[in-house]
Amino acid sequence: MEPDHKIGEKVGLLPGSLVYVGENNNVPTHITAMQYNKMNFTERNIKEKDFFIREELRHFLHTKGKVGWVNVNGLSDIILMRSFGDSLRLDPLVLEDILNTQQRPKVEVFSDHIFFVLRMLSYDQEKEEVNVEQVSFILGNSFVISFQEREGDVFEMVRVRLRKKWGNLRFRGSDYLLYSLLDMIVDNYFLILECLSHKVAQMEERILSENLDDQNVPAIIQKNKKIILTVQQAVYPLREAINKLQRNESGLIDERTVKFLSDVQDHTLQVTDNIESFRDMNTGLQDVYLSTLSNNLNQVMKILTIISTIFIPLTFIVGLYGMNFKYMPEIGWKYGYLFSWGLMVTVVITLFVFFKRKRWL
Amino acid sequence: MEPDHKIGEKVGLLPGSLVYVGENNNVPTHITAMQYNKMNFTERNIKEKDFFIREELRHFLHTKGKVGWVNVNGLSDIILMRSFGDSLRLDPLVLEDILNTQQRPKVEVFSDHIFFVLRMLSYDQEKEEVNVEQVSFILGNSFVISFQEREGDVFEMVRVRLRKKWGNLRFRGSDYLLYSLLDMIVDNYFLILECLSHKVAQMEERILSENLDDQNVPAIIQKNKKIILTVQQAVYPLREAINKLQRNESGLIDERTVKFLSDVQDHTLQVTDNIESFRDMNTGLQDVYLSTLSNNLNQVMKILTIISTIFIPLTFIVGLYGMNFKYMPEIGWKYGYLFSWGLMVTVVITLFVFFKRKRWL
Amino acid sequence: MEPDHKIGEKVGLLPGSLVYVGENNNVPTHITAMQYNKMNFTERNIKEKDFFIREELRHFLHTKGKVGWVNVNGLSDIILMRSFGDSLRLDPLVLEDILNTQQRPKVEVFSDHIFFVLRMLSYDQEKEEVNVEQVSFILGNSFVISFQEREGDVFEMVRVRLRKKWGNLRFRGSDYLLYSLLDMIVDNYFLILECLSHKVAQMEERILSENLDDQNVPAIIQKNKKIILTVQQAVYPLREAINKLQRNESGLIDERTVKFLSDVQDHTLQVTDNIESFRDMNTGLQDVYLSTLSNNLNQVMKILTIISTIFIPLTFIVGLYGMNFKYMPEIGWKYGYLFSWGLMVTVVITLFVFFKRKRWL
Amino acid sequence: MEPDHKIGEKVGLLPGSLVYVGENNNVPTHITAMQYNKMNFTERNIKEKDFFIREELRHFLHTKGKVGWVNVNGLSDIILMRSFGDSLRLDPLVLEDILNTQQRPKVEVFSDHIFFVLRMLSYDQEKEEVNVEQVSFILGNSFVISFQEREGDVFEMVRVRLRKKWGNLRFRGSDYLLYSLLDMIVDNYFLILECLSHKVAQMEERILSENLDDQNVPAIIQKNKKIILTVQQAVYPLREAINKLQRNESGLIDERTVKFLSDVQDHTLQVTDNIESFRDMNTGLQDVYLSTLSNNLNQVMKILTIISTIFIPLTFIVGLYGMNFKYMPEIGWKYGYLFSWGLMVTVVITLFVFFKRKRWL
Amino acid sequence: MEPDHKIGEKVGLLPGSLVYVGENNNVPTHITAMQYNKMNFTERNIKEKDFFIREELRHFLHTKGKVGWVNVNGLSDIILMRSFGDSLRLDPLVLEDILNTQQRPKVEVFSDHIFFVLRMLSYDQEKEEVNVEQVSFILGNSFVISFQEREGDVFEMVRVRLRKKWGNLRFRGSDYLLYSLLDMIVDNYFLILECLSHKVAQMEERILSENLDDQNVPAIIQKNKKIILTVQQAVYPLREAINKLQRNESGLIDERTVKFLSDVQDHTLQVTDNIESFRDMNTGLQDVYLSTLSNNLNQVMKILTIISTIFIPLTFIVGLYGMNFKYMPEIGWKYGYLFSWGLMVTVVITLFVFFKRKRWL
């Protein structure tokens, strides 16, 4: 939600200047490469990154009959990133977008590759925040390259399916691989929704049971609002982006894959619907909370008023007969004390009747 | 409104993986089949489900000159569902959508069939909630297949009309059957609206009569909000879906039926109009409730203030003459006591006049 | 605003089933027929309704060189309505729409007639509510048929103009008659706006003069809201409907009449603008009312606080010298009593200065 | 904002009936006529209005090589207006629109003239209201006719420019004259914005300095709201109208003038932007005012609570030792009185510490 | 946000009249000129402004093979501006737009140049306001002219890149120079966002920690609102403007530069997204603040109620035994005093239990 604070450092630089603006500035870059077709599957953990990028990469990505997937974790090594760009002949602006991790989700179609950038969300249970990580994809005819800000992603299932030849991932092209990765990211949005659903429901229950003391309700509502805004900013532009991907005419997306992208699009719309609902529910909670506070105040004030209203006249009466006038007839009466009690009981009963009528008791 | 909690289990699975995410996981699958034309009508309760699906289904659905309607209740038997898909040569994604019961209402047009998924709503009087059930339809040239999550639906009238040859259902094709089923579902939305109308009106009356104690008003308003959101999520995407159905060029929808679909579309718009109104009225209730609370608080505070303001000076006076100074002239006066009463009556009258002017009394 | 409660009875019926869902179930049907051209004008009050519909109607409507207007009041006689439909060869769905008096305003164009349904509004001064009545029109080449739910309408001026040959109504075709009737209905919306304007202005004046006690302000604001919603639901869909009417290519609407329909359209937009303003003003009233309540509460609390704050220390002082300690020097002082008064006056003056500084006095 | 109350009188009249619905019913009609080209300029104050309209007008307007501008102030003389319409061969509906001074701003294009109606706004400093006056224009090939409701307008500068031959007004056609008049009207909207800006800023300052007593803040905010609504209703439809004027193909608007109309359009958008901002700021003021009230209440309550909380225990203590029990040890103590003071001082110090911790002092 | 107060002075002037409406009326005009190609770079600080504009400018701007950039600071010298307009053969309306510094951001395309006006924002740390300055560009085939209201801009980096031949600015045409300048302006919007992000986060933290006393929260929220509105008014129309620039067919924008403009467009969208979020967060703060105030009031009232409720009955009891009746049995009891203490302790314990149950303690 907040523009990254380092984005200020970028102001005034050359367009196409490579500055990584993310938070994890000293994450070492880690590259893995997979290559597969129906028959074969190889997986490599690249150690000599520099050598790989400059000498092997182009050959690796254009092996005939095989699909290659290169995954890059950690974007802070600018020199490495630049040689990536050179090797793949990327537009300088694309490379800048990969590093400038505050991009809106978008698709850009080039003659022989497609650039896709979107946001991977994960919920941090402890901080009760949503972690946002920018993921960029470059889809070529026979390869996908993915760039992530840090280790840890939601693609493990795709790797397993490739290794174990589950599903038809091994039988399809690079576009289907891209789809599978997108699908994973969008599916994970639902996990955020679940957490949110849980939090909103819990908060609602607590407010409605008027059990308000131990929790800072406005803070939690505001926190939910932030999460909702984060998801919205990730999902809303994604719709257009996937649309553009489906309609592109580069020939990089197979007819059959378009159908699967529609499925992802449907999920995106579903997330949108749900997030709108949560937004409404969360705003509703605010209203309910304020009503509850007002209601509590009313209760408190009624109790204060009842007690004050009953005792104030009594205190007056006892004060009355505490006066020291020499000539006060009641003082000398034999049943004066009883009389004063009688007076007080009468007042109390009268007030009780009054409050009963007002339905305060 | 809330994404089903089991949707999390689906994350990371193969696209087209069949997992039933609904709540009624152990509902046994129950299949009924009807076949009719102007002359004949047969109805079967399928016992040997497996055999029926694999051996009879295709033949049953494509009987010349007859329309077939197969209704499936309970979606948890994955194996059965898969053989359904195989038998009908459904796209794996369609089968996945049928089982993944969190779909937005939508239409997908294939070469020889149309897939329609929407939400059937019913109001649970006891829990004061709306039950949501996903219903999927597959419309072929001479058949409709409907999938429901559980027993109990709103189609009973259609069955009766088929059996008794009421109306012209028996004289028309499968598209008209689909229309009739849609019509039933949308008509039932009006029942929800009626309940909502009743609840909102009742709540309004109660708030405006300031009879607020026995009910948790914010909870009810929030509940209404949820119902409204649920209906909105069911109805809004339905508009587009029916539009797409009307405009599709598959030849599966007869010209004459398009007119009837317009009628359903009109009802959908009517539901939309009404639900928007309820939304406004419900939000209005919240405002009215808060005003009423504030108003009540004002009343309470006025009473407290009046009583305090009258008795506090009196109590001061009686305290004054309760002091023990040796030299206090009033104490010794013959009519001192009377004098003090006179003082007090004067104070009370003055305050009465003051409050009258302030229009508090 | 509220879906009619009888609409529930319709759920599950055959499409095209005729059930009148309005409130005036036992209003006897009343039919009048007029026929005119430049020269002649005849007006009949139909007694033998059944005979007229079955035998005379078609002939009456298609008299060469004459325009016919048949007006039907009261829709509860289903049999009569059905024979109407037969006689005019109406689509069953149209007949159903005429009876199902919860329709959104809409236009449906058929080959030889146009169906127009909209809402006639009138303001009930006593109940302070808006009465809604559905009016349906069927426009043919040489006739207009109008259906109303009950006696009493806004068409009297049109009748007078026909009878007395005022304006050019008698010189034009049936499309101009339809326009004149529409115009009457839309013009009457302005009367509702006037009442609303009056009510909102009055309420505003009362709130701003803080004269709040005798009126239930939230109730009135909520009532206004309902009226506004009712007008909105009548007017918003009307825009599209008139648009469709203007653009239709059936040849039933003369070029010259299209210009007049634009005029009605302008009025519709004017109503829309005004109703939006009233909506804003009404919502504003709610805010003003809440501010006024808060402000009042502040005033009350200040008075309470001032009085309490002044007397509480005084009461303490008089209590102090009411203590019975044997050894209390002040008690024995000759001017002890004067001293205590001096003390109290000092306290009061100090507090006055304090409140002056706080600008509370 | 409010539909004029006389609009009700129009309901039921013939379409094209001429009724002036404005407020200034007895304003005498006043006509001025100007005629100019590069060389010549004549200005006439028409006395024999009837004669002028019937005999001279058509000739006046169609003088070759000259542009004519006829300005009409005061619309209540229906007969005069009708002869205007006859003379200019205006559509009856146009004439009706000129008189019915509640029109939405709009443009209507006829074969040989264009009808433009919009709202002239001026700010009444005393009543703190916006005066709305409908101005209608008829643009012909060589003339502009303007209709205003009353004397006083914003066109004085245009007249001066015509008389003194300033700018290129005298060198251009009637379309440029129309543009100049429009420009004047739209420029005057900015004066309203300035007043509004001033009022909002002043109000904001006053609220934020918590100097709330002498002003009825909600009333002022509501008044601003009305002004904003009035401007919005004048400006929003104007956008479309000017658009239509620019795109019209009647040949009455010169290419070169279209560019100037774009400039007016830009100003309209600027007004729209500003008015939206004011709307937001004004709504914000409401919130700020409510916060300030709440905050004030909190301060008041804190003072009351502090004073009550300090004195209530003290009053209890002095009451305690005012009891008359025969056997009360403290009473007889030599330092009993001092002891009681010690007790009281202890209580006060304890409470001070408590309030310090609560940060109330 | 506020229309400049001097804009009123412009009302009624000739279209194309040159009046500078900005605040810095007596800023002396300052002109610098740069000229460059791959090889050469010259920079001049123009002293004889009048001579330069009239004699040298046209030649300077149309030097073959070189790109010229003339920057003008300070617009109050109308005569100078007019000779600029004459020299460049600008449309009078364009010149007027340059001086009238309240323009909406927009693009206007002429046959041989493009006019672009937008807003340069900078954050004033001390006043906590956003400074708005209008910047206008005229893009010709081989030149860019920029007009600013005052000294100080965000273009320093561009100047350095030109001087030091960094990046490819020296290798590209005037369109790329325009892009670079736009890019600088839009990049600076992010700095405003950062400040805003910081302020909102800080305010949120302070409110949620209920540390409310030292700050005027509503004032700060309102101030943030103004900043947000200012940025919105600068950014929203900019989107359209850049779009129009990209799609223009004047041939002045190179294909390769269009891609870079897309990048600026992306940044604009990013600013839009962020500003929407801040708007939401800021509105949320208002709600949180009100809740916190209400909550505080509740706490205060509870304390007051608890203390009052405990001491009021005690004060009654001690008053009771302070009465002077001759015949009061308790007074004479040996353990009367102890009994009264017992009574009071019982009352206190009872009330404690009551409050515990209410969860107030």
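Observations on the structure shown:
Per-chain numbering from 1; labels A, B, C, D and E assigned in written order.
Convention: contacts are C-beta pairs under 8 Å (C-beta built on N, C-alpha and C of every residue); 3 or more make two chains touch, one makes a residue touch a chain.
What you see is a predicted model, and the numbers here were worked out from it, not measured in a lab.
Using the contact threshold fixed earlier, the set of chains in contact with both subunit A and subunit B is empty. A straight line joining the Cα centres of subunit B and subunit E is 43 Å long. For this pair, subunit A with subunit E, the centres built from the Cα atoms lie 26 Å apart. In subunit B, the residues that reach two or more other chains under the touch definition are 290, 294, 297, 301, 304, 308, 312, 315, 319, 322-324, 328. Chain contact topology: the protein chains form a single closed ring, every chain touching exactly two others. Taking subunit C first and subunit D second, the full cyclic order of the chains is C, D, E, A, B. Those residues of subunit E lying in contact with subunit A across their complex are 154, 156-157, 161, 166-167, 179-180, 183-184, 187-188, 190-191, 193-194, 197, 201, 204, 208, 259-260, 263, 266, 269-270, 273-274, 277, 280-281, 284-285, 287-288, 290-292, 294-295, 297-298, 301-302, 304-305, 308-309, 312-313, 315-316, 319-320, 322-329, 359.
Partner subunit A is touched in their complex by these residues of subunit B: 1-3, 5, 7-8, 10-16, 91, 93, 102-104, 106, 213, 216-219, 221-222, 225-226, 229, 233, 237, 286, 289-290, 293-294, 296-297, 300-301, 303-304, 307-308, 311-312, 314-315, 318-319, 321-324, 328, 330-337, 340.
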